[in-house]
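The data blocks that follow each hold one structure.
Shared chain: chain A. Partners: chain B in the first complex, chain C in the second.
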Partner chain A sequence: MKRILSWAAIAVGVVYFFLPLVGMLEFSLKMRRGEYSLDAYRSVMGDPQFQATFGYSVVMACLTIVFGVLVVVPTVFWVRLKLPRLRPFMEFITLLPLVIPPIVIVFGYIRLFNTSSWLPLTGTTLGTDFLLMCGYAVLALPYMYRAVDTGLAAIDLRTLTEAAQSLGAGWITVLAKVILPNVLVAVLSGAFLTFAIVIGEYVFAALLDRPAFGPYLVWAGGNKAYEPAALAVMTFALTWACMMLIQLATKFSKHTRMPR
Partner chain B sequence: MRSSRLWRALPWNVLGVLPFLLFALLFLLMPTANIVAGAFVDDAGGFTLKNIFNLFTPEIINAFWLSIRLSFASALIGCALGFAIALAVVLGGLPAWLRGIVMTFSGVTSNFAGVPLAFAYVATLGRVGFVTLLLRDWFGVNIYALGFNMISFWGLVAAYVFFQIPLMVLIITPAIDGLKREWREAAEVLGATGGQYWRMVALPVLGPSLLGTLALLFANAFGAVATAIALTGSLLSIAPILLFNQIRGDVLQDPHLGYALAFGMIVITGISNGVYVVMRTRAERWIK
Partner chain C sequence: MAYLDLSALQKSFGANQVVKSFDLGVAKGEFVSLLGPSGCGKTTVLRMVAGFETPTHGAIKIDGQDVTHLRPNQRNIGMVFQAYALFPNLTVAQNVGFGLKIAGVSAKEIIARVAEMLALIGLPEMGARYPFQLSGGQQQRVALARALAPRPRVLLLDEPLSALDAKIRVSLRAEIRDIQRKLGITTIFVTHDQEEALSMSDRVVVMNGGRAEQVGAPFEIYNHPKTRFVAQFVGTLNTLDAIVTNPAGGEVTVQGQPLRLPQAISAQAGATVGLALRPEVVHLEADADQISRGDFALPARIAAVQFLGAVIRVKAETAAGAISLDLFNRPDAPPPPLGAEVALRFRGQDVIVLA
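Showing the complex of A and B:
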């Protein structure tokens, strides 16, 4: 009885989740009348708008990851080593991006960094790109922080740091050559999650008026018939790839870690 | 001597987190504070509650009310179905490999929100969508003739549930894992039936987790805007779309009303996240 109910719950989930996925896959193949073809994908790939916006978002995602790692890893390291009393505060701050709706944050950006403000970031293209990257880093902060925090919890931070320091390493060497390699897996899973978040993000890019992939998706949704489904399939595959890479990284780490 | 001791007593350690604090201040705290402050300021820069009172027009109230109902309905359905799936995977006696698949799949689909989700939805239940045609050709049911509309209330709920269920599965599974086998055995030794065990032991222990996650799912749906915009073309009057249109082109003819609108959204997501945090601390009393 219990098992029947369990299978029923799984079956409901399978139907609910596979119908839209199958639906979008099937729809994306229907561009040519009467037969399945990859025409929609070819049309998407050949669109210079797609190439430009997708490239832009990939670059933004990579910059966000680098920026996020540079901000988060030293901070978590320092808090765990020297200021453990600050941890509840850090938890609170890094939870805020989940509490405050993104649309409110970007509204604040437009107010705070407009051309007539003290820091007119939105006045130049480069400034707006920087602002967008910071916004993405904020969106990814809860995930990045937790990933790195869990990673650092698993290693003996104090001993490693003191050992490196007694061998004459400075803080930067400690961070780059001792700590980072040890939490690389955690950093990687944070990075892939960041990538998945940034690549299709819409609200920040649209309201800061940057040519990212998210606004292109919305534009395509309003102007094309079969291409949106193809784009959805591609985004889904990309999200799936990111999650698979996280799992792979975690599995990989289990083999490299020395048994204690 | 004295000054050097003072020098050393200064909290130099705090310098290490300064870059992070600066980042959080500039790109998270100050923008939000700016909006909140703007909600309580009039054109001349003086304090006022007028903007908040101005929120109480039928248009804005309706938008908020629609948002709240939409978020609550999708959170409730997502909670129920997600809980059922998590229960099935953890306690249902299903093969162990299924759990890994369900968890990975949940990780993927909970991140597959926003615009692409809307496309998948249109390709499935749109006028020439996969399921629409399937029902028409195989079963002779035309859902559009029956009054189905993708951008209606329940149409949007169905789309939102797609990212609510996996989030529920991801959050509630550890809580179900925390139910100790001893509790069940103790209950059985004392003569409890399965139903009594669930009603008097398991559900009270899981209660705070369930309520807390419900609040989290609510906030999650309340702040979501991309899916709705891609589906409805920013026509639907829900609170985040109203704010989106206001930022784009000042449709409310009063910039301060925009800040008040944003402030209202923070209050609602803030309350529901507060419920989540309180409930989580309560849940951790049992589940260690």
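Showing the complex of A and C:
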């Protein structure tokens, strides 16, 4: 009886989760009347606006990942090594982006960095792009921080650092040659999460008025019939690919992990 | 002046003074052990030499150069840790070559030096393996090779054998000492294991509560401990109370029997002093009748017999307390049975007077 109930629960869950997806997939294939086709996808792919916004978001995601790694890895390293008492504080800080709505954050940015402020970032395209990247990095921070923190917890940080130092390594070498390679898997999973977040992000890009993929999705949703479904399916596939890559990276790393 | 010179080193963590005025000179090529119970400050002294801690007070000199405030990566000191600390993402060869690469040595020279070091530690075929594919003993040997590859001025080892199995621990002792001799590298070895310290070192520093209690050759430390702590920490010890009869002449009585000690005693006549005996200087006389009158002999009863192989450790109860003694195994002489009445004999000159 219990078994039946739990199977039933799983079935309900699967239906609840997959039915809309299947429906959307089916709808996205129905652009040509009377038969299934990939016309919607072809139309999306051929849209120059899709190409421009998607390309822009991919570039922004990559920049955000690099920026996030450069900020988070040394910070977590230093806190774990020298200021372990600050860890609860770090946990709290890095949770804030999940608690504070993005709209609040972006309005804060605009207030702080508008053209009449001390640092008029929004005055130029490049400045706005930089601001957007910082915003993305903040949104990804909870995930990036936790991924890197878990990665660093798995190695004997202090002794490895000291071993490298006694062999002549300075801080940069320690970070680049010893710490980063040993938390690469953790960093990768943080990176894929960041990628998934940035690709779908709407609020920041829209309010900072940058041509990102998120606003394009919303625009397409309001102005086209079949293409939004195709776009949604594609975005889903992309997110899932990221998740699978995380799994793959974790699995791939198994043989370099040392059983003590 | 000593090659490595630690003078008046002090280290406090907050209000907790962990190292209290520590002086030590290590000659070039010498192997010195820091021996002491856990928490006595051995690691802290070593970490100050390596540069991971800054002394609150005092100075560290290597070959005349003051390195007290030099950063760890500028000291050219090799360090081996208890936890091996090999870089898990690098192969054995890359681990050993790590310091050379940072020093900017050419790739060709690195390959040659790494091969030389791997041969030295007896793992010439293991260069392509990863640390997790090695046993603990092999990993620690690689860690040693890694520390030695850049030809450091001083080698520091912090309990490098503590994480290993007993058997490997013993064989690695000899191996480390052998390599150290071959290279003639000035070495400080930290351990809480007295057997390790005694068997490996040119000199031993016995530490207690952040101070060096005694510095000397293993033979000296073991046979002529200067303080009660050193006597008790190094080796097994029997203690007996004695009453001083003639302080200047070193004469005492134990259980009413006179005994003459090799040196004068700094106590008043009639005072009680502690005597200490190593198990190996106590002799067992199975037949109490053998003892002629006037010889010093304590009557005793065998309370426990532990057959260890080459040595038999016997515990005997006397009126002055329990005494452990060691007999060499002899195929024709079985150990005495439990409960047997025996006599214990020892010479006054083998007695250590506890201050």
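Definition applied: the second predicted complex is superposed on the first by the 260 of 260 C-alpha atoms of A that agree within 3 Å, B and C clash if a C-alpha of one lies under 4 Å from a C-alpha of the other, contacts with A are read in each partner's own complex, and residues count from 1 in each chain.
Rule of thumb we're sticking to: contacts are C-beta pairs under 8 Å (C-beta built on N, C-alpha and C of every residue); 3 or more make two chains touch, one makes a residue touch a chain.
These numbers come from a predicted model, not from an experiment.
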Fit-or-clash call for chain B and chain C when the two complexes are aligned on chain A: fit
Touched partner set for A:Ile197, first chain B, second chain C, both or neither: first
Touching partner for A:Leu217 - first (chain B), second (chain C), both, neither: first
Partner chain in contact with A:Asp156 - chain B first, chain C second, else both or neither: second
Chain B versus chain C as contact partner of A:Tyr109, first or second or both or neither: first
Superposition-derived comparison: chain B or chain C, residues of chain A touched: B
First (chain B), second (chain C), both or neither touched by A:Pro97: first
Which of chain B and chain C A:Ala169 touches, first, second, both or neither: second
For chain A as apex, the angle formed with chain B and chain C - C-alpha centres, to the nearest 10 degrees: 100
Smallest separation of CA atoms, chain C relative to chain B, angstrom: 9
Chain A positions touched by chain B in one structure and by chain C in the second: none
Chain A-facing residues of chain B, complex: 13-14, 16-17, 19-20, 23-24, 26-35, 38, 81, 84-85, 87-89, 91-94, 98, 102, 104-105, 107-109, 111-112, 114-125, 129-131, 161-162, 165, 219, 222-223, 225-226, 229-230, 233, 240, 243-244, 247-248, 258-259, 262, 265-266, 269-270, 273
Parts of chain C lying in touch with chain A, wherever the complex brings them together: 50-52, 71-79, 81, 83, 85-89, 98-99, 102-103, 130-132, 143, 146-147, 150
For the chain A and chain C complex, residues of the former touching the latter: 155-156, 159-160, 162-170, 173, 177-178, 181-182, 184, 256-259
Parts of chain A lying in touch with chain B, wherever the complex brings them together: 2-3, 5-7, 9-10, 12-13, 16-17, 19-24, 26-28, 71-72, 74-75, 78-79, 82-83, 86, 93, 95-112, 131, 134-135, 137-138, 141, 193, 196-197, 200-203, 207, 214, 217-218, 221-222, 228-229, 231-232, 235-236, 239-240, 242-244, 246-247
